[in-house]
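There are two complexes below, and they share chain A, which is joined by chain B in the first and by chain C in the second.
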Partner chain A sequence: MDIDLFVQYGPMLLRGLLNTVLCWIVGAAGGIALGFVIAVAMYYGPRPLRYVLRGYIEVIRGTPFLIQLFILYYGGPNIGLRLDPVPAGILGLIIYGSPYYAEIFRAGLQAVPRGMIEAGRAMAMSEGKILRRITLPILMVSSVPPLTNFSIILTKETAILSIVTVPELLYQVQTMSAETFAYMEAMFALALFYWGFVEVISWAGRKLEHKTNAFLSKELSA
Partner chain B sequence: MTSENASSVEITALGKYYNNFHALKNINLSIPAGKVTCLIGPSGSGKSTLLRCINFLEEYQEGAVEIDGQVIGLEAVGGRKMSARRLREMRRSIGMVFQQFNLWPHMTAQQNVAEALVQVQGLSKAEAARKAVAALEKVGLGDKTESFPNRLSGGQQQRVAIARAVAMEPKLMLFDEPTSALDPELVGEVLTVIKDLASEGMTMVIVTHEMGFAAHVADQVAFLEAGELVSCAPPAEIFRNPSDARIKAFLETYHARNQF
Partner chain C sequence: MFSWSTIVENLPYLLQATRFTLLVSGLGMGLGLVMGMVLCVARLSPIRWISRIAALYVSFFRGVPLLVQLLLAYYFLPSIGIDIPPLWAAVCSIGLCAAAYIAEILRGALIAVPHGQAEAAAALGMHPFTIWKRILIPQALKISMPSLVNELIMLVKVSSLVSAVGIVELTRMSQSISAATFRPLEIYIAAAAIYLVINLALAGLGQALEKRLDY
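Right, the complex of A and B next:
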């Protein structure tokens, strides 16, 4: 293995990593936000809206991200949606991730014991306050692990953004291997970068889990 | 009678359906202000459903539940559902205690009690915390204010739930089988707290299977069976001299079960 190659291509690979991280952060955050809105709308909304959202979930979940991104980037201009590669990639990630996140939140909402919400109603709290103060914190206990899990899956989906020429990790690595024929080194670097990135997310997820579950731990008892 | 700090409840021709199931049939019941009314009857007789209609946690289709002369849940004219805001306004003076306690698990005992004081009554956090601690001290849990519900026994949890409801200074308290989920040795501590509250002159409606408690604390006892109000009378009459065969049969089963 040629270590010099990494020194030479280091800055380029790091730029790729930076783009990957950026697209992931905005994409995952947007997907979580959209997914939460969808889940809440499906839980509280009228029946026709529920059907529409169910249809959205089924279509997006049933088709590959590769094709969704193709349609968005190359088909978008036909309906006046002209996006640069990075915004197109990020929007694609948000759309692709939202139904998975929505399903996590929907399951979490259903798992919140009805009595907790009834107690809020009996205490004359408004539905908005019940959602924010009671439902959401209880929901997070069961939702943080699957949220972390899908967000990790999403890191690797960012590689697909290379097809619309987003200079993210895979794109840079492909450039590197095309110029040097060092496929082994390039792929090795790619795997290593993703792994490191995922470990950071996994660590952050555990921290968050610890925080949302704090009330379950024994040390807190008085 | 409508006093300053106690509500009266008037239930007229109340009917409740779950799809095709007729859960409550033409219930007529007066709950006088400042008195304790116990609802008894076999499982599935509709007593919890009736209780839950009083604060409109359960919607009803026929008749009306009036609190201090005001219909809850439905508009007096036209029978449409009342606005969420007006329903909340009415619920502010109604406290409720549930069979399963329903404490919020992510909040300490003190936070559970303080929550609605801040969110509904608009008290400052400091003021709400002070009131919460006082309410917990009153139910004998002054040393558990910082405990989370999962570190408390069932009896302690139910006392926190009572403190949570009472801290709102309701004019009417609803208890839905407050001791049914408790181990037998923990029932007493909760009943003692409820008994103390009763002596303060708050209107109380209690769904219970504790006949001894009902006989001791109630001003009137209502017996329900199969969605019908069979009888409402002073406890002495219901327990010593029941007029209806269904009440006799229910009490005989109860006594048979509690003999050893």
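Right, the complex of A and C next:
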């Protein structure tokens, strides 16, 4: 393999990597925020709203991410939504991830022991205070493992953004190989890179999980 | 304005291309199941290096984006002189990737079958082969059914990525039609609707199957 190639194209590849990480972090954070809002609205909201949100979840989860991106990026201008590739990619990731995150939070909300909420009421806590002091803290702790898990899955989805010309890592590598004809080497190196990247993030996720779990068991035993 | 006529006019083409979406995901699932079973057995093998290799396989195919795997196969196979039609290369890529996920699904299901049952069967003098056939596999199949249906739905969705290596399935067809008609919004929404119908049907079938397996 030609190492010089990677040196020569280093800055370009680095820019691609930064875009990948940017899209991933903003996309995951936005998806978590939107998913949380959806889950809370489904849990506490009126019935019609619940149906609408259920429909949203089913539609987004039942269609390919690539088609969603095409609707957003190529179909958007038809209804006056003109986005540059990077914002479109980030928005796409947020929309794509939100129903999965919403389901995680919904499951977490349902898993909050009813007795604790009833105990809060018996102590004359206001509903707002119960939410702030009981429901949310329990929810946050129990949701960390599945949230990390899905966020790791999302790192791989960022590669799809290259198809709608977001200059992320895969896109830059493809540009480089088109200019140098070194398709094979470049793609192979990229695969190894993603592999390492995902493994490192999974490892970090397990560490994080371990930390929250330790906190949880300490809290419960205290 | 949202043009319904564009959708109606092009629907036959979209449906025609949908057959390839079903073909790629269906064959991918078939290959994934066969390879997944082999991998699962290898992963549970008491021989250390066999289970190591299987674990490495699973980690690689789950860690690398499928799009990168597809492109890798697309460039790699011709470069070593294997000249198979792109459609088969794509089916193989999807199947190899699905195998990694399916192996983990099956492994989880096998572990979930209570250990005492296999021990009881062994105590009754059942042959190990009979234990697998009569006790472990039927129960593991039932436990893993919801996840396997999920995996199939996932495959229908990721089959859209094979459009990137030039296979004319639903996504690629909608790209061509929207380029020709300048109506991307309508065409892509129609494509999304077709994917949604397929996946809802699969989910419904899966639920019916689960009910039948319930005893």
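FYI, the second predicted complex is superposed on the first by the 198 of 222 C-alpha atoms of A that agree within 3 Å, B and C clash if a C-alpha of one lies under 4 Å from a C-alpha of the other, contacts with A are read in each partner's own complex, and residues count from 1 in each chain.
As a convention for this text, contacts are C-beta pairs under 8 Å (C-beta built on N, C-alpha and C of every residue); 3 or more make two chains touch, one makes a residue touch a chain.
Since this is a predicted model, take the numbers as computed values, not measurements.
Touch test for A:191: chain B only (first), chain C only (second), both, or neither?
After superposing on A, A:191 lies in contact with chain C but is clear of chain B.
For A:115, is the partner it touches chain B (first), chain C (second), both, or none of the two (neither)?
first
Does chain C touch more residues of chain A than chain B does, or is it the other way round?
Answer, by number of touched residues of chain A: C.
A:138 contacts which: chain B (first), chain C (second), both, neither?
First partner only.
A:59 contacts which: chain B (first), chain C (second), both, neither?
In the superposition, A:59 touches chain C alone.
So in the superposed three-chain picture, is A:67 touching just chain B, just chain C, both, or none of them (first/second/both/neither)?
second
Looking at the overlay, what does A:179 touch: chain B (first), chain C (second), both, or neither?
Neither: A:179 stays clear of chain B and chain C.
When the two structures are overlaid on chain A, which partner does A:127 contact: first (chain B), second (chain C), both, or neither?
In the superposed model, A:127 contacts chain B only, not chain C.
Tell me the contact category for A:84 with respect to chain B and chain C: first, second, both or neither.
After superposition on chain A, A:84 lies in contact with neither partner.
Where on chain A do the contacts from chain B and from chain C line up?
In chain A, nothing is touched by chain B and also by chain C.
Residues of chain C touching chain A in their complex?
Touching chain A: residues 59-60, 62-69, 71-72, 75-76, 79, 153, 156-161, 163-164, 171, 174-175, 178, 183-186, 188-189, 191-192, 195-196, 199-200 of chain C.
In the complex formed with chain A, which residues of chain B make contact?
Residues of chain B touching chain A: 55, 57, 84, 88-89, 91-92, 94-96, 98, 100, 102-107, 115-116, 119-120, 143-148, 150-151, 161, 164-165, 168.
Using the touch definition up top, name the residues of chain A that touch chain B in the complex.
The contact residues of chain A facing chain B are 113, 115-116, 118-119, 121-127, 129, 133-134, 137-138, 141, 215-216, 218, 220-222.
So in the complex, which bits of chain A are touching chain C?
58-59, 62-68, 70-71, 74-76, 78-79, 156-160, 162-163, 170, 174, 183-184, 187-188, 190-191, 194-195, 197-199
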